[in-house]
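Below, chain A partners chain B and then partners chain C, in two separate complexes.
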Partner chain A sequence: EWSLCVCVCVCGPGVRGLSSSSGPRVCIVGGGPAGFYTAQQLLKNTAVDIYERLPVPFGLVRFGVAPDHPEVKNVINTFTQTGQHERCSFHGNVNVGKDVTIDELRQAYHAVVLSYGAEGNRSMGIPGEGLPGVFSAKDFVGWYNGLPSNKELHPDLSFETAVILGQGNVALDVARILLAPVEMLKETDITQNALEALAGSKVRRVLIVGRRGPLQIACTIKELREMVNLPNTRADMLPADFEGIAEALKDLPRPRKRLTELMMKAVKEGGDDKAEKCWGFRFFRSPVEVLAGADGKRATGIRLALNKLEGSGESARAEVTGQLEDVDCGLIISSIGYKSIPIDPAVPFDPRRAIVPNEMGRVQDTAGLYCSGWVKRGPTGVIATTMNDSFDTARVLIQDMEAGKLDLSVNKPGAQAITALLQTRGVRAVLFSQWEKINAAEEKRGKSLGKAREKLLDVDEMLKIAWS
Partner chain B sequence: MSACALRVFVQRAAVTRKAAHQTFSQTTAFPRRGTGSYTHGRGINTLTNSLRAEEKVTVHFLNRDGKRITGKALTGESLLDVVVNNDLDIDGFGACEGTLACSTCHLIFEEAVYKKLGAVSDEEMDMLDLAYGLSDTSRLGCQVCLRKDLDGMILRVPDVISDARVDSEKESSTAPPKV
Partner chain C sequence: MAASAAVRSAVSLTQRFVRVSPDCSICPLYRLNACTGAIDGFTAPNRRLRTSIGVCQSADSSSPEEDERVVNVVFIDRSGQRIPVEARVGDNALHLAHKHGIELEGACEASLACSTCHVYVSSKHYEKLPEPEER
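Let's look at the complex of A and B:
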């Protein structure tokens, strides 16, 4: 059979027809999962540029996902395809808000999408929170994952007990990394200095504390199962925390039921008594003060207020009882949530919810400005949640293009203008192909250490390799 | 290939007949009856072609937009393989590439077909628990391997959570603690 060879325009039909000769141009602020997934969808219809502050892309997939969860990082493969797409241009080492403003981007592009995530941290708001020995989970995770700004963290791991506030998956990741046998970690992409610190760690007991009860726990079953199955550890729970739970099981939806059943099993069976290490949940407890030793120089314990639960299910509330409990510990990790911060005074920001106010991804009162990912919905959910959310924003943006809400008849210069502007400010971007040099260097360094990769911790080193 | 299997093969649904035609188009003289005659003069290619056609399975997906899309695969391949190899347009399918680290290959089966599938491992169940729109006949596509008796099945691609304002019970495990 003969088939007609047809030259197909790879852009979507509707938008192409409306645009100027150079085509529609959109830029995305933030090179993490939200940025890349938004780009992926937009590329079907428009050219996309991604601006990222660090020289390296992928955000929390690189700096948040635990080193012993490499499968979760498989999304990097699809992001790499996006980064290599002929209509996509990645610009690392560009700090939007400082090196270039949002207004300048809006002048250079038909639309701008904010996907810069949540780099801040919810604080506990209690006395002593600033004492040595207290860390946010965000920083602790950043430390073992090689985030350049956390490389000098030097957490002191010479104390027997660590207390983690919060019971989400991040809290469980931290607990697992603290207690996992070094053999489990030594071939991963955990940083070498973290690996060495953990190898010399004296931490043997990790308590994971939550304000409410077992039925409100925020972690998911896969992560709980990993704790239960950790070699050389046993579970140390308080049966009193589980009163009434067995009776409530039958009415729970399957996911919550299986999670709770696994917890009950851990309470009942505990684990190998000979195990050197232990971990446990502590429920109905809120932190009220970090206690310092006699010299007042560092954290030596934490004071917890005991709660009772009002209501049930997801909407149950913790109410104070007035009772207090002190726990001796030398490492306190607060894992109560990440938090977005405002990027530019020109962008509306809701300080109470810590997100950019928006309607389905359209930034409030600001035509041509959109948002996706955590900065749009708040800092919760897994990569797939962000993926679906990013696809939604992209669809809304394309709809707006096709409906004529964005003026595509005007020619926009895109990266050409921005690159020139950055040059006058002494800022040079790292392109995707240059990130690939950093990537190759990290894999090579890893190979010589028997690891998946050895991450570069220093931005200047990254730039040197990128531009070599 | 026995005559019985051959007759069964020929009597299959139109969709697979198309596949047969494509495979047999070079072998129009291929005997339809009797055993043994296929060995005359056609050589190993005909045999492997017909075996390959026999192993092909067709799967239909009812996509989120209501449209039905079809993919073909070989027995033993997973439903994720079907979607990837046929380049089916299902948004965000198989993010973790079949490693049980996400639930984006969530599919809903017809009850009769679901019952024919094997037992679900704890690992699969753990990830399925996070899927939006979880049903009693839900599976992760990357864990279901095709067999001949699953040929022609229709799978529904469930909606994914799109509106952050929707308070889904299924999202409760990833919901933030109330401030």
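Let's look at the complex of A and C:
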């Protein structure tokens, strides 16, 4: 008599990763666009775990992209598919560098990818920078986009003139949000407290200041077009800043030419004289001091040094002339760049360039450690740039796997080990399905306010909903 | 320009099979020595039409008006594989690619908001397009 004994191993959704022959395991530090795009490509070859400090994923797509650019956030749909992939496991609420070290991750995984972006900002390095009324664009954007650490920013919007230092897309986003009619914003996912503050804002004039000239401006044409088309707002530029520009147009490469032509059009046409609000670029000016009022308690103006340009094109340099100019203003926003910071002493870091030194995404002198996104290349570029960069790193990592540069013969425990370790430290992760509960709660709150979503501003509130 | 902008050029079809030499010099795969496509003797699987770039042998049954709206598009993926598909004037090029399982990223899902999908148009065809408008 034969009897057949069948042993069945059942793997439910909660027991991923317990099988003994597990295959390659990679983890990614950072749940923003770089992390998700890198994961998307890696998932074809390996299991991927994403560690993110906040309970919520998506990084700058959630906290950086302007509320009136919802189509740019459509990429969240792609990231959501990645997050829901059976071989992908998201762990929010885990602070890598504090709750768990890079070395501990490297022991648990065959490879680790650093995609933690740039959470710091470049400082102007001028006296008065710390005065009330002066903000980094990173913090101001974080404030209207609901970044928990910026919820107490309370910017004072009761002054007529705001000055923004820097002329990239972030600077233009800030200018546009300051001047946009509330009707344009009230159905977006801008935070309710920012919406109310902007509704009561007395800011009527925004100057966007750059060190160099119109041909070096860093913003892209879409953002410039949006400024030109702002309702009830006119452009206020200095014709002197544009001397020689018309002549230079014909030799410019097409994207730069179109951008410059649109700017020239705004200079020429100016806009509706009856407009209550105005904005303008101010070129060849560098900030040298934030001026305080008589009581010295807050910013009331900014002192700018006038520059002249040496050289031309993208590599033109600003040189001091010695002339100065004071501008009265009550709100100063410095938008001169984000900056990465070191995450862990075990990871090489280049303090001058503020990136993790690497060769095509392979971290210098550290086998099995990779990087993608802003922490790899520096904090510039749009989502498309980060996407291509992340795909490059993923490709390099897979090549290394296939070339035997990563020892895949050793089994690595992956999230199982890290979760156990975190538990001993009192840290509990938020899984992707738990983020989806936070997501649903935000959409529900938004609905009652006529908005796309009302973001939760408090991490503890997020955790309570996630683990409910 | 965004790939999601409509495919505007129509290719007229003849009953006679015409062999046309494609302009490989504008193709990035050719320039990178990565082209693996063999033009001669190429067959489109599961299709009634034998295709070469831009040319189609029309079936007897389709009417001339219908033919004018058909555009033959060949996608060449990064491995050099040629994927011919049939499209219509007005089709969205990104959606067309996705419909045929071709990997093309479009982060903003064809809202013209992000530049992850984009096309390079050869200068001689570019000249035929209308001037871009700032809107």
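By definition in this document, the second predicted complex is superposed on the first by the 448 of 468 C-alpha atoms of A that agree within 3 Å, B and C clash if a C-alpha of one lies under 4 Å from a C-alpha of the other, contacts with A are read in each partner's own complex, and residues count from 1 in each chain.
The definition used in the following text is that a contact is a pair of C-beta atoms (placed from the backbone, for glycine too) under 8 Å apart; a residue touches a chain by one contact, two chains touch by 3 or more.
Predicted model only: the values in this text are computed from it and were never measured.
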### Message
Taking chain A as the common reference, can chain B and chain C both be placed on it without clashing, or not? Answer clash or fit.
### Response
clash
### Partner chain in contact with A:Thr380 - chain B first, chain C second, else both or neither
first
### Query
Which one hits more chain A residues, chain B or chain C?
B
### Message
Under the stated touch criterion, which partner chain does A:Arg211 make contact with: chain B (first), chain C (second), both, or neither?
### Response
first
### Task
Determine, under the contact definition given at the top, whether A:Val72 touches first (chain B), second (chain C), both, or neither.
both
### Query
Now for A:Phe349: first (chain B), second (chain C), both, or neither, which partner does it touch?
neither
### Task
Mind working out whether A:Arg317 is in touch with chain B, chain C, both or neither, as first, second, both or neither?
first
### Stretch in clash, chain B with chain C, out of 22-30, 40-48, 148-156 or 166-174
148-156
### Query
For chain A, which residues lie in the overlap of the chain B contacts and the chain C contacts?
69, 71-72, 74-75, 77-78, 221-222, 225, 258, 382-384, 387
#### Entry: chain B to chain A touching residues, read off their complex
91-92, 95-97, 99-104, 122-123, 125-127, 129-130, 134, 160-164, 169-178
### Summary
Seen from chain A, its contact residues with chain B in the complex are 37, 41, 69, 71-72, 74-75, 77-78, 166, 169, 211-212, 216, 218-222, 225, 253-256, 258-259, 314-315, 317, 336-337, 360, 376-385, 387-389, 391-392
### Message
Using the touch definition from the top, list the residues of chain C that touch chain A in their complex.
### Response
105, 107-109, 111-116, 132, 134-135
### Summary
In the complex, chain A touches chain C at residues 69, 71-72, 74-75, 77-78, 221-222, 225, 258, 262, 265, 382-384, 387
